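See the structures that follow.
Two complexes, one shared chain (chain A), two partners (chain B, chain C).
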Partner chain A sequence: MTFSVPPPDLQDRRTWMGLLARARPERLAELVPDEPDPGPVILRQPEIGTVMVQGRIGAAGSPFNLGEMTVTRCSLRLESGAVGHAHVQGRSKDHARRAALVDALMQTGRAAQLRRDVLEPLLRDEADRRRARAEKAAATKVEFFTLVRGEDR
Partner chain B sequence: MYVAVKGGERAIENAHALLAEDRRGDTGVAELSVAQIREQLRLAVNRVMAEGSLFDPDLAALAIKQARGDLIEAVFLIRAYRTTLPRFGSSRPVDTGTMACSRRISATFKDAPGGQVLGPTFDYTHRLLDFRLAAEGQALPRPATADPVAGPVPHITSFLNREGLIETDRPGDDLPPDLTREPMELPAPRALRLQAITRGDEGFILSLAYSTQRGYGRTHAFVGELRIGTVAVEMDIPELGFAVEIGEVELTECETVNQFTGSKTEPPQFTRGYGLVFGQTERKAIAMSLVDRALRWKELGEDDTGAPAQDEEFVLMHADNVQATGFLEHIKLPHYVDFQAETELVRKLRAEGAARRQEAAE
Partner chain C sequence: MANPLTAETLGGGFDDAPVQSARAFRAALDAMARPGRIHVIAGARPPAPLSVAAGTLLLTLADGTTPVHLAGDIDCDALRGWITFHTAAPLVPAEAAVFAVGRWADLTPARRFAIGTPEYPDRAATLIVEMPVLQAEGPVLTGPGIRDRARLTLPDPEAFRANHALFPLGFDTFLTCGNRVAGLPRSTRVEDF
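Coming up: the complex of A and B.
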């Protein structure tokens, strides 16, 4: 199977799938309440496994295997036929199921509502978290100053 | 003669119950939660993730609790758990150039673009015990904030590249060998060596790296750059036909710049050692890059000085602490039959020796 750069509409899907995967499971649970019965058809039950993470020799050379990370995946289908997939970090089956559900719903008429109520809050959380960390690190940046030496006088 | 011996079930059961009680310690002291270990013993968690070769802070914290703080035992638990999980696939190689750095320093370039960012480091602390930590509920100092540098911070060694003073790694996309799937074969390519070292025992890798600094396979290493931070992990999803981010991991990356006067095959230039390890684990990452560089002697046409750190078999076959502790500790388990055979042998040799001496005397 060959993988290529996804077309622009897929780029959007890539973005939300990544955001859902990186979300804190508890936060996603707050934003996405349990779906009413009958729920979507589960195509693949939430399953815990691993993914081998690769690095590159010297940061830019050939790949090598760094070690694995835990990942949970899930696939489901809505009544409308929209299929949602999720591969999310960690071992939370609820996280994977909710991420797959949002992925499927984002392909339906509810996309705008979910973007506002789920994706945008997640994006804000993540941006806040990252900015807070980056700002604290930035405050530890060394400002060098050169002492005036005797021969400079 | 082989005699099967049964017994000890009750002793074992009782020993496990005693272990559980000792693990808990004084019940007058509050029980430690997995979340507390994850948050407050984070460097222990990082070490267990790196050597357990599985990035999952909650699992590593649980393993540390179960192992009563014995980190090698915790690594063992993680490795054992890992074997129960299916592997969904491999990620794309992570791009450490896009790392969101919480620490980034260089020992070679003072004024590197992006600056020297110290981050949460023990460096420059006085290593005096802080008795204020013995009292609980102390007010936390509030870390200062400043405007961060926008965008990714470039790798410092790329500046040396501009002048061609440092060797460049040829990018490639070959499927790397995996020692968790195929038994390690020697000589091992660099990719396999790095996998073995990044999951190897920190103490062992540290000592080997130190030995190179003391002259056993000296490589004149400077830390060109050390960075710690998070990177996104991306994987190709077959059902979708494209790659998505599946999460992010914290990594420590070390690039050493090593003096190299040239050899029969290579011009004088700086050469590189590389370390990349899960979590904030900088001692391990620095040690890894020194050992990586020492093991490259053949490829760079350097002399084999017979140093342990240059001996690939010695390094790679003894770096894994789960293998090492398994073999080491098994000798305490019952070897009654083996030992009985050895005893018989010694008795026989003594009897023969006595008979010979008797004969000679007569």
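Coming up: the complex of A and C.
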């Protein structure tokens, strides 16, 4: 398999899809309360499965299997023809549906509004979660230092 | 990646996958267990030129672990995209295929396909042959699953006779036309007139 640097718009889409995938389902439900009318055509019903998560370690960076995680995926199409996909972590079908919906709407004229109302709050939530976790970890850090060693007398 | 992500490519899957795939699987089992009997299956709406029956079989049977070969005009961008999106099956040349789909003229010579090995006769290909007509008339079939005799339109009786001669090796076949499917496993004898 070959990897290449995606074009900027794809990179952008990757960022928001990742953000939606990692979001808390309840939080996303608050931010995206209901579906547009007419509702989207479901191309792939939300379904639960597992994916193997790979990690890279060591100087060579060869991949290894870290473990399987549960994901839920969904694909849908809006009236306008925009297709949204989502693979989200966990077992929430609503979450997958909403994430796919946001992915599709991000390709329409509502992108700027969604970016402000949905993606940016999610980004802040994620930053908060990361900081809280980093602070908790930092609180357990032990600093070793030497008061006096005696040999400089 | 030349697959256009069109409505045609992404639509046409099962609306209610658990129920529809279970029904289609049961029909596929029955078709193989009772060679020559024609069953109706539906659920998939594949892009042209694939038939509903062949599309439903693929959605039901194929997944990421079953390489699929598309023969002739079945091998088009819309269908490649459709199969990839809905089943994630890899698309491969005839020799590597677990499932091969196409009209009989495009699938010949049929001896290209995997017939299994004496240790693992199950490692054989299953052909899904698109038929212009599919009726209970034509060459006489006998063998397991057939009470006395059955008749079925076959594209090339001689090829299926040769395939039966390889038993327990050999490929298995689904014949599809519109929303109808019939099975022709390698165990079925195609009688001479």
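To be clear about the criterion, the second predicted complex is superposed on the first by the 137 of 153 C-alpha atoms of A that agree within 3 Å, B and C clash if a C-alpha of one lies under 4 Å from a C-alpha of the other, contacts with A are read in each partner's own complex, and residues count from 1 in each chain.
Following the convention adopted for this analysis, a contact is a pair of C-beta atoms (placed from the backbone, for glycine too) under 8 Å apart; a residue touches a chain by one contact, two chains touch by 3 or more.
None of the values given here were measured: they were computed from a predicted structure.
**Student:** Would you mind checking whether chain B and chain C clash or fit side by side on chain A after the superposition?
**Tutor:** When both complexes are placed onto chain A, chain B and chain C end up side by side without any clash.
**Student:** Taking the superposition on A as described, I'd like to know which of chain B and chain C A:81 touches: first, second, both or neither.
**Tutor:** A:81 contacts chain C only, not chain B.
**Student:** Where does A:47 make contact in the superposed view: on chain B (first), on chain C (second), on both, or on neither?
**Tutor:** Once the two structures are laid over each other on A, A:47 reaches both partners.
**Student:** May I ask you to decide whether A:63 touches chain B, chain C, both, or neither, giving the answer as first, second, both or neither?
**Tutor:** In the superposed model, A:63 contacts chain B only, not chain C.
**Student:** Angle at chain A between chain B and chain C: what is it in degrees to the nearest 10, using CA centres?
**Tutor:** 80
**Student:** Contact-wise, after the overlay, does A:133 reach chain B, chain C, both or neither (first, second, both, neither)?
**Tutor:** First partner only.
**Student:** Which partner does A:91 reach: the first (chain B), the second (chain C), both, or neither?
**Tutor:** Touch status of A:91: first partner only.
**Student:** Taking the superposed arrangement, what is the smallest distance in Å from a C-alpha atom of chain B to one of chain C?
**Tutor:** 6 Å.
**Student:** From the superposed pair, tell me which chain A residues show up as contacts to chain B and also as contacts to chain C.
**Tutor:** In the superposed arrangement, which is not itself an observed complex, chain A uses residues 47, 75 for both chain B and chain C.
**Student:** Which residues of chain B touch chain A in their complex?
**Tutor:** These residues of chain B touch chain A: 49-50, 53-56, 58-59, 82, 85-97, 100-103, 110-111, 115-119, 143-149, 155, 168-180, 190-192, 194-195, 198-199, 232-233, 235-249, 251, 253, 255, 272, 274, 276, 278.
**Student:** Can you check the complex and tell me which residues of chain A touch chain C?
**Tutor:** 41, 43-45, 47, 75, 77, 81, 83
**Student:** If you look only at chain C, which of its residues touch chain A in the complex?
**Tutor:** 5, 7, 10-11, 13, 15-17, 85-86
**Student:** In the complex formed with chain B, which residues of chain A make contact?
**Tutor:** Listed in rising order, the residues are 1, 3-6, 10, 14, 17-18, 21-22, 47-71, 73, 75, 85, 87-91, 130-142, 144.
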